[in-house]
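One chain, chain A, links the two complexes that follow: it is found with chain B in the first and with chain C in the second.
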Partner chain A sequence: MDNAQLLISGLANGCVYGLIALGFVLIYKATEAVNFAQGDFMMLGAFVTIGLTNTEYMGLPFWLALPISLMIMGALGYLIDRLIIRRLFGESQTAVVILTIALGFVIRFAAGLIWGHEPQTLQNPLAGKEIRFGGLVLGMEDVAVIVVTILLTWGLYVFFSKTKLGLAMQGASQNQLAAYYMGIPVKRVQGFIWALAGVVAGIAGILFAAKGSVDPTTGLLGIKAFAAAVIGGFGSLPGALAGGLIVGVIEPFASRYVAAGYSQIAPYALLLAVLIFRPHGLFSQVRVKKV
Partner chain B sequence: MRIVFKTDYMQDIRPWKDGYQLSLYLILLAIVTAAPWWLDDFYLGELTNVLIWAIAGLGLMILTGHTGQASLGHAAFLAVGCYANVVLIEAGVPFLLAFPVAGLLTGIVGATVAIPALRLHGIYLAIFTLALSVLMDDIIVLAEPITGGVAGKYLGGVEIFGHLVDRWATPAPFFWLVLAVAVVVTLGYINLLRAPLGRSFIAVRDSEVSAQAMGVDIARTKTISFALSCAVTGLAGALMGMFAGAFNNETFSVVISIQLLMMIVIGGLGSIHGAFLGAIVIGFLPQFLSISKEYAAAIFGGNTVAIPGLEFGIFGMILIAFILFEPMGLYGRWLKIRTWFELFPFYRKDMFKRQKSYLKTERLR
Partner chain C sequence: MNEPILRIRNIESFYGPIMAIRGVSLDVHPGQIVSILGANGAGKTTLMKTVSGVMDPEKGRITFDGQQIQGSEPHKVVQKGIVHVPEGREVFPLLTVDENLSLGAYTLSDKGQIDHDRDLVFSYFPVLKERRGQEAGTLSGGQQQMLAIGRGLMANPRIMLLDEPSLGLSPLLVQEIFGILKRLNDEQKMTMMLVEQNANAALELAHHGYVMEIGRIVMDGAADVLLQSEDIQNFYLGVQEEGARENRRWKRKKTWR
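On to the complex of A and B.
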């Protein structure tokens, strides 16, 4: 029973990692770049919602604040692409990596300036409620996290594999020039995907802030989400979720059954192992480069 | 514009272009060597710090700037060098032996890391090294018998030929020590770049496929690049440990790794000057910020409140500005200015324009 409880809490945590990883994968899938600031996006999403809902700030009703904050995050994602990332069009991937790391610094700084450095929680209608399920106690937030994540992953998966726009995005990433010749508005597609990544980060942030407290350094969680994305293979949406769940589940079990000091290593050790033995993740989509 | 008239093939591979350029650098070296006489102890310490960062930057520059392998984990190698140096000195090894051995050990660690890293490209390598840097923190805590764990280690001065060299007690000799290491590493670097090995580094950076076609052994080249890069970084780490005096698992955090990478980007990837220019920016930014904060407080009234995270915020913004407007860094900007003067009035705007490369992926879906 104890293990089942650990599993549930691990799954809920893993879903948050998975959601951040989804953001990585979205951007990677459509632009072949990695947004190292995705964790900070999530933190920002959490703080924007806190700023709208919590009584000490604006005090809007929760269900009204929700769409507003998602819209703000989407707009922010779009603006970042429009103003900054798009200028790097045609530059190397490493430039984008370094740029987004710097962006993360700036976002962390701005969030600290606006909302302070104290940990804060989101006041939400789900707080404190729980479901009892045959001896298991499930927090309502945990259930919400799991349900939302699964729905979102499924929705995005369908979007990418079935809709015209989703396929256009994949085309844009596989060969920019060819996609452009085929009439895909590559730049606009890129703007859209950044907006989408912003919204996903917003959702992740809201769920995270409902589960626990956030402060400006929460974004560093993104490193664990990297582990999730890499384990999943960085180009696969269900893979990202699976990776997130693996990392999330390993953590509580490691801290329970492995000696202290070794337990927090577990996700990173797993990341290194995956990179060494299956460099392109468990759900690999790459073949060896041929001339 | 000076035009060097070449009369000898040796002139093409000589480290300096002509006597004029050589004498400029010698004058610079002389001025810097005399720093203890024209700088007070505080700024001498800052200058020492800048030089140590520059050495670390040179280390990373070999790997990232010249071999094109982005590493977000070089703080881990700083830590290895630092701890190796201290542990050896505590075991009674004289500093002059412990220091190079610390570099050597770090190089061996780097070469070992390179073996799995060889299979990784671009972003995957960056994440691999990032994870390594995160892990190093925990490894240092776990290896407590050697590293002192969370409590950390302490290193006072060291003796070189009976002279005490200590950051606080004798700042001038410590500065000269750091300067000597910096000069030796830089000379080695210049030599490396004109040797076949350095050329093959650059070939691997520019195109692995073409390098392979030209007969460059990619795996070997990358491994050597890793080893050299880590060895130099290890030396910088050893000096950094001596500079800090006391250090523990948190001294060489992921943030330092990221800072190091950003430093060489600001300075200018792929140039030796870049490591030094970037180090100057990194080293003096905190001072500059605190001074400008005092000025702002004096002009606008109000008190000098500490804004947490300000340094990193500003740092991030500078970096974004550089990547957007001057991807070649400070050194690239300097090259443009110099060319503008040399060619006046024939400089054209697009002279340094880089060719755009459009994305193609190897993914199947």
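On to the complex of A and C.
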């Protein structure tokens, strides 16, 4: 029973890691650059929503604030690509990586200036409610996190496999040159991917802020999510989610059965093991190009 | 003869500081197949990329159907009806055959048209229909080439730019694919600009041929005339001339890579 409880709360954490990891992979696949500000996007999404809903700020109704903050995050992702990243088109990947690290710092300080450095929680209708069945006591937020992640995953799956834009995004990430030849406006598609990564980070942030508290340094969680993405196989969307879930589940079990401090070490130990024994990640899509 | 659909005038393109095309002019008439022959590094692929908008020319004009298109974004060029089937196939490896074809039609939105084009592609390449659910990266080289051509057809183009469709394929497959290109030209009146190193196959197929050498066009003529030409026979078709002549012309002194 104890284990089931641990599993559920681990899964709920893992969903948040997974969603951030998803953002990493989305951008990596589309542009071959790693956006190290992804964790800070998540934090920003959380604070934007807090700023819209919490009574000490704007106090909008929760369900109205959600779409607004997701739109803001999407627009932000798009604009960052449009105004900053695209300027570096043709520069080395390192330049883009450093730029995103700097961007992370900027977002962190900006959030600190606007919302302060104290931990804050998102006021939401689910807070404090519980679901009991069998002997399990589940926080309503944990359940919501898992349900939303499942829905989002399904939504993304449908989007990528069934819609024209989704297919074009896949194509542009698999073979950029061919995408150009097919008349796909690759740069615009990449802008949409940044927007999508912003929205996903926003959702992750809302979920995170609903089940715990955020402060401007929360974005550093992105490093753990990055580990999750690598464990899952960088470049595979299902892998990123699975990696997130694995990391999320490992943490509580490590601190329960090994020792308290090990919950922080376990994900990185797993990362090392994966890199040694399966360097492409657990769920990688690797294929040799035929000539 | 009717007006050329594609008219290239004095195009110059650079790879950084290197001048890859040094003033090329050529015409493609509707319904024609035009072959461009030349060794590696002659600038054939660069010429194709310049037409399809992946590279921008420094100088010169490209006119398609009366409109100037030099320096346009690639997706604008595709919308006008020029599709580029790139060298080395360049399929989307993790997408299925069907999805690859769908992306070929990215610039179209009429569903009836797209379905019609898909049926057309399957009628010319039945093997693609058999494997429509398979990931393109798992196809054989020949099938990938067929997919690349089929994907190009899905854009419902008015002219296809085909870059080395014979690259890395067995002679039998080359024959099959060139046969299909011939049928596409006969039955669908598809206009094609074909870049090839396989001069024999290309000239058999084409109506008109151009020979490129280090960024310039050095020769052009009707395909059957070129096939009979001594220079072409010596340098591209590997026909040995009997008896040496006194006056060696400049072409014969060239070294070939």
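As a working rule, the second predicted complex is superposed on the first by the 282 of 291 C-alpha atoms of A that agree within 3 Å, B and C clash if a C-alpha of one lies under 4 Å from a C-alpha of the other, contacts with A are read in each partner's own complex, and residues count from 1 in each chain.
The rule is simple: a residue touches a chain if its C-beta (ideal position, glycine included) is under 8 Å from a C-beta of that chain, and two chains touch if they have at least 3 such contacts.
Just so you know, these numbers come straight off a predicted model, no measurement behind them.
Once chain A of one complex is fitted onto chain A of the other, the partner contacts of A:164 are limited to chain C, with no touch recorded for chain B. Of the two partner chains placed around the shared chain by superposition, chain B is the only one that A:262 touches, whereas chain C remains out of contact. By the touch criterion defined above, A:87 reaches chain B but does not reach chain C. More residues of chain A are in touch with B than with the other of chain B and chain C.
In the superposition on chain A, A:99 contacts chain B only, with no contact to chain C. In the superposition on chain A, contact of A:174 is made with both chain B and chain C.
Of the two partner chains placed around the shared chain by superposition, chain B is the only one that A:272 touches, whereas chain C remains out of contact.
Of the two partner chains placed by the overlay, only chain C lies in contact with A:182; chain B stays clear of it.
In the three-chain superposition model, chain A touches both chain B and chain C at residues 170, 174-175, 177, 285, 287, 289, 291. Taken together, the chain C residues at the contact with chain A in this complex read 52, 54, 73-75, 77-79, 83-86, 88, 90-95, 99-100, 102-104, 106-107, 135, 137-141, 144, 151, 155, 168.
Taken together, the chain B residues at the contact with chain A in this complex read 70, 116, 119-120, 122-124, 126-128, 130-132, 134-135, 138, 141-142, 209, 213, 254, 258, 261-262, 265, 307-310, 312-313, 315-317, 319-320, 323-324, 327, 356-365. Residues of chain A that touch chain B in their complex: 31-32, 34, 84, 87-95, 97-99, 101-106, 108-110, 112-113, 117, 170, 173-177, 216, 223, 226-227, 230, 234-236, 261-262, 264-265, 268-269, 271-272, 275-276, 279-280, 285-287, 289, 291. The part of chain A that touches chain C in the complex is made up of residues 164, 167-168, 170-171, 174-175, 177-185, 285, 287, 289-291.
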